[in-house]
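Below, subunit A partners subunit B and then partners subunit C, in two separate complexes.
Now for the complex of A and B:
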């Protein structure tokens, strides 16, 4: 029963009222309470997989479909460069409504859902989050919807070719095939730390994502040496596997859960209580996916290295003193700024480094910036990632800087490639801080060796080249 | 600009599941609204749940939204338009841009 169902002036709800106010007419209390439930539509006795899926995501999708104000469009990096109406946050919700109504099938829409970096801009900018999300305890969940549709596609046997190969390789090697034709393996996951004398296990371990462990090894080397300089005790994981986040993002959820379980078991086996994370994508996995998988059993503290470094600088345990003569701007990684609200600490670090000419762009403007490197996009659609990176680099170029600083290894490869044509160097914030602390970082910044995330070995070890749009 | 979500953890950095899943004790501010975190007003979930399925928000998420809202409003004020632009001027600008090739949108849409 709703207000609209009632008629007549004697009806207590004929006059507008605010539910719950103590001066409401007493008769109102006689109207039975109703609770919003999942089962808005009575479930059928023998639901199809699509019905089971839309049952779960109908509510989140109608939240957008019934609003449809499209504030999300101009902050969406994919919409910006493609203007394809099927690749907008609005469409990602509307499709679920269409599936619910039996107008579309997962086969019809699965490929559209590739076109999302899961940057979170749309769901933050959506008024249903930004202005009412906390007030109504209900917000827009585009990233969850996109992940869920991708998972439903995989469960329905609808695969994207590169994603399937990528995840099969990851499953086989326990790490993402970030070096293209060069195999990655468990035996080499700690190679980046050569000569740094880091113990295994202990109360605190440093988790290094696949891209940083195998491709941009300068980042973990910088992080480890800065920690050592500050006298911060840490070890490396006994047997580190990929965090599982990319598999979850591409729809391979069972695999993601297996990887998560392995890592949690491994932390437990070495008595680890705290995990330091240098990569924003891992930070999302450990603070959003793992809690969903493990619930109350999840007792591992997760610390983002950027936050830790800002704190160590504040406490005087790190004092960058070697001037770095660069003109820089900072790229807010989507998973820190938009998805976690972390934007202050990286700026604190950069402002502590002497010599930098820092041309900052505020965090809200950067809601519409993205490297294009997230959500598996570079694996399946490298050209689209490149277009988004080029767009981001143009914004930096307009500031007449020589360096774009990021805090996300996954953004640094596409941004670095796009930066080359504009003579903009892409540097990681941890590398920059280490340099200003007088550390000779070592390792590789990737790039020159021709590794390409879009070149994944197939089952018979034939390289798969880039696919066009 | 606003504080970071660390205000949910008394300034202590790091994510701890139990802490994130335990919101501060709510305070009633009117008959129909409560505050959990300071400045985060919520319709009393008891009333809200009659119409809208209530989601679970870890502390960081409530604070992220609240802080982002404040930042966005400040941003809007900084970008407040003090002049009126005619539609024809805008169209001319769009045409000029599209003739110089595809590109991303600027912050105007934020």
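Now for the complex of A and C:
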């Protein structure tokens, strides 16, 4: 009956063994190989740009290609609404393998890579990250692969029309053209703070992303006033430029680096050591991109406002007391929940606000939720963003809530638009907290609804959404 | 790719009469990404598997329209759903149209009284169960590809479910479906003509014929499925053994016990345990004397699972089992879907980590033949490994298929270092597959319990396995698909057309 005959065999391959164990017989390493070459691809003296690119991304892509099991598919927000196999995490890796094999070129594939919000869901869901990743210190890196292919496309002169224009205008204006034809500029980047009397510079500055600074100005107003209420000292940047993150996400890496350098220099010039961030996208830029650009020189402490507020509530320095009679659910912004593992603090804040009827959906279920606003998708494919937002709003709608709370300004425009038809109000968590602290926020929520009408300065602008969750 | 440019234009023009432009995909990456499934393939010959285009229909009418046009123009149609099939069923062998039904993923009707749900065949089981959970129900088709395979592919392969011993497999769980025949006609097939009938004696029993055909007989578009109450309790004990023989005797006794809540049992052999030690710290850290594992799973109400579980624990104890504890048991069963295809586990014999693809060779084997089959299979893979590190032995599982323990899905997992594949290595592999299939047949088994047997190597032996039955397959294929439109080349069915090769 027995399965193997251990006795009498001198052949080490005939019995079960775990390769790499210290006490394995030496012969195992000495058996000549009929097929395997030393180098999977022989090194070249004069590699083409494609070869240089695939050399760097070959194994990361192959680790997905060789599995190819698509456990990630149903969590991918783009795949959920398009169900197009060419726009899946699997395809984003397989294309690189095909480029490595000389089957496809960057010209062939570049446009497909638009279809990713860089939400990170696929990485979390992938068994290669989930189960063995810790042990091998390995993680499926779809977001990095997508960013790298986009950058390679731009380097190769393959542009997506809307992205090219968007980044050219950002370069010209030092801010993203979030107001469509209404120009944004350095002269107006602090307009949102009118009447709040915030100093310039100082050890701690509040960085306000383009969408919040020009479009949803109620968010920075809420944040600034809550900080003032708690007696937390901060200033605004001397000359704030876009963080550069969106350019990096769309492949315009040189521009992104120039912007980053400007911001860092500006912080240095005002003696700034700490940057408060209210936007998850900036948080990614400052905690992932900037350290990559500047290495050890980068000595700025980055503080996420949502985490700070949760802490201030915990310490009793903020006590929300004005009841807010809303039935809400919370949207985990992808860049907080999926990319940074931050999901607890926003819930802490919401639980501290009296009057709320909070129907929570756990963070793992929310891996498959997204607003569609990230990764430059709305710039190039606004319809797709709208479909993803509609999908997200439907989930909220099924819970029979009247309000969806987010913590990411970039998500709030597309979600707000999708929410209108379902009568779901989309509110920022900082706005909600401020309200419960008795603050009259002011500013604009971008759309015509919900905001203080006296302050709706941008209500008539074309909705030109961009990133977000 | 088989069509010349003018014919391709003609085809696209015709397809535009039934589909919107956005549903017709012709770019190179669109085609490359539909030329492969998870199973390793001769990646150096990728371009040989390309379709000419892919279509994304959203209704039965659109599917029928596409198939009708293809039949008129004599262009191959390859149905594709999740694209997770491990016998390359959804891979085009002669170009043509990949017809992807993934957009047909709506829930059409939920019948709480008769306990059925009617869905588009592009829906995923996990997603379906998220909806059903709100009603306390579930659809228990539970392959290890549960998060990624879709209902249409389950029908196309007549899939195998991990908990099939309790709830049945895909063929038992799909009550009926709409099916587009190779000529483009639409038929409803089930037990009799009823949509929600589980047992009929009227006429030929056609449902089985239109499941597991790997897309060679048409396309299932909308299916009515059987539902169960979501189980209140799940018990999944794992036991360790210091030798294979005890584990083997134990799994047999567990399966034969006739416990009503018994949903399945799995035997891990010594190679599998050695394989899992590759990431010991991440997996089950176990002492060296653990050489085999058995797990069983029970589903049902709290009280019945408790009693059934007690009986199984007693049986395990009698067979020298050591219980691994609740934490490992629950965690490992919950993760059973995901522990596959881990390229990070690929190793050369000397221990170098190299990225490898997972190849799963499966057969249906009677209980009494398990040891002999697994011995012979490991020898075949050892021969490969002696020659090259392109191949790696990732061990074997044997899973119960039925509630009586009569037969087991027997699988050997082989790691393949695709980056190193060339024609010689591929030939070695095809021969090994043929040998593996031959062992199953020699032991009165079937070449495949779940994936199907379409791939190079194994497929050569299908006529031998089925005997006269294979001749009937040829006759049926010719009758139902007069122009050999549907997934040509699979199962050697081109023979049905008088040697007129495509």
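Here are a few things to note about the model shown:
The criterion applied here is as follows: the second predicted complex is superposed on the first by the 407 of 469 C-alpha atoms of A that agree within 3 Å, B and C clash if a C-alpha of one lies under 4 Å from a C-alpha of the other, contacts with A are read in each partner's own complex, and residues count from 1 in each chain.
Going forward, a contact is a pair of C-beta atoms (placed from the backbone, for glycine too) under 8 Å apart; a residue touches a chain by one contact, two chains touch by 3 or more.
Keep in mind that what you see is a predicted model, and the values were worked out from it rather than measured.
Of the two partner chains, subunit B is the only one that A:291 touches; subunit C does not reach it.
By the touch criterion stated above, A:362 is placed in contact with subunit B alone, subunit C being left untouched. In the superposition on chain A, A:440 makes contact with neither subunit B nor subunit C.
Of the two partner chains placed by the overlay, subunit B and subunit C both lie in contact with A:59.
In the superposition on chain A, A:139 makes contact with subunit B only, while subunit C stays out of contact range.
Within the superposed three-chain model, A:303 lies in touch with subunit B and out of touch with subunit C [touch as defined at top].
Residues 18-21, 33-37, 59, 73-74, 83, 125, 130-131, 134-136, 138 of subunit A lie in contact with subunit B in one complex and with subunit C in the other. Within the complex formed with subunit A, the residues of subunit B that make contact are 1, 3-6, 13-18, 20-21, 31-32, 40-55, 57-58, 60-69, 71-72, 74-75, 102-110. Within the complex formed with subunit C, the residues of subunit A that make contact are 1-4, 11, 13-14, 16-21, 24, 28-29, 31, 33-37, 40, 59, 62-63, 65-71, 73-74, 83-86, 88, 90-91, 94-95, 97-98, 101, 103-104, 108-109, 112, 125, 127-128, 130-132, 134-136, 138.
By the touch criterion stated above, subunit A contacts subunit B in their complex at residues 18-22, 33-38, 59, 73-75, 77, 80-81, 83, 124-125, 129-131, 133-139, 141, 274, 286-287, 291, 296, 298-304, 307-308, 311, 340-345, 362-365, 367-368, 391, 394-395. Of all residues in subunit C, only 25, 27-30, 32-34, 36-38, 40, 43-44, 46-47, 54, 56, 82-84, 100, 102-103, 105, 122, 124, 126-127, 145, 147-148, 244-245, 248, 269-271, 273-275, 277-279, 281-283, 335, 337-345, 347-353, 355-358, 371, 374-375, 378-379, 382, 385-390, 392-393, 395, 417-420, 422, 424-425, 428 touch subunit A in the complex they form.
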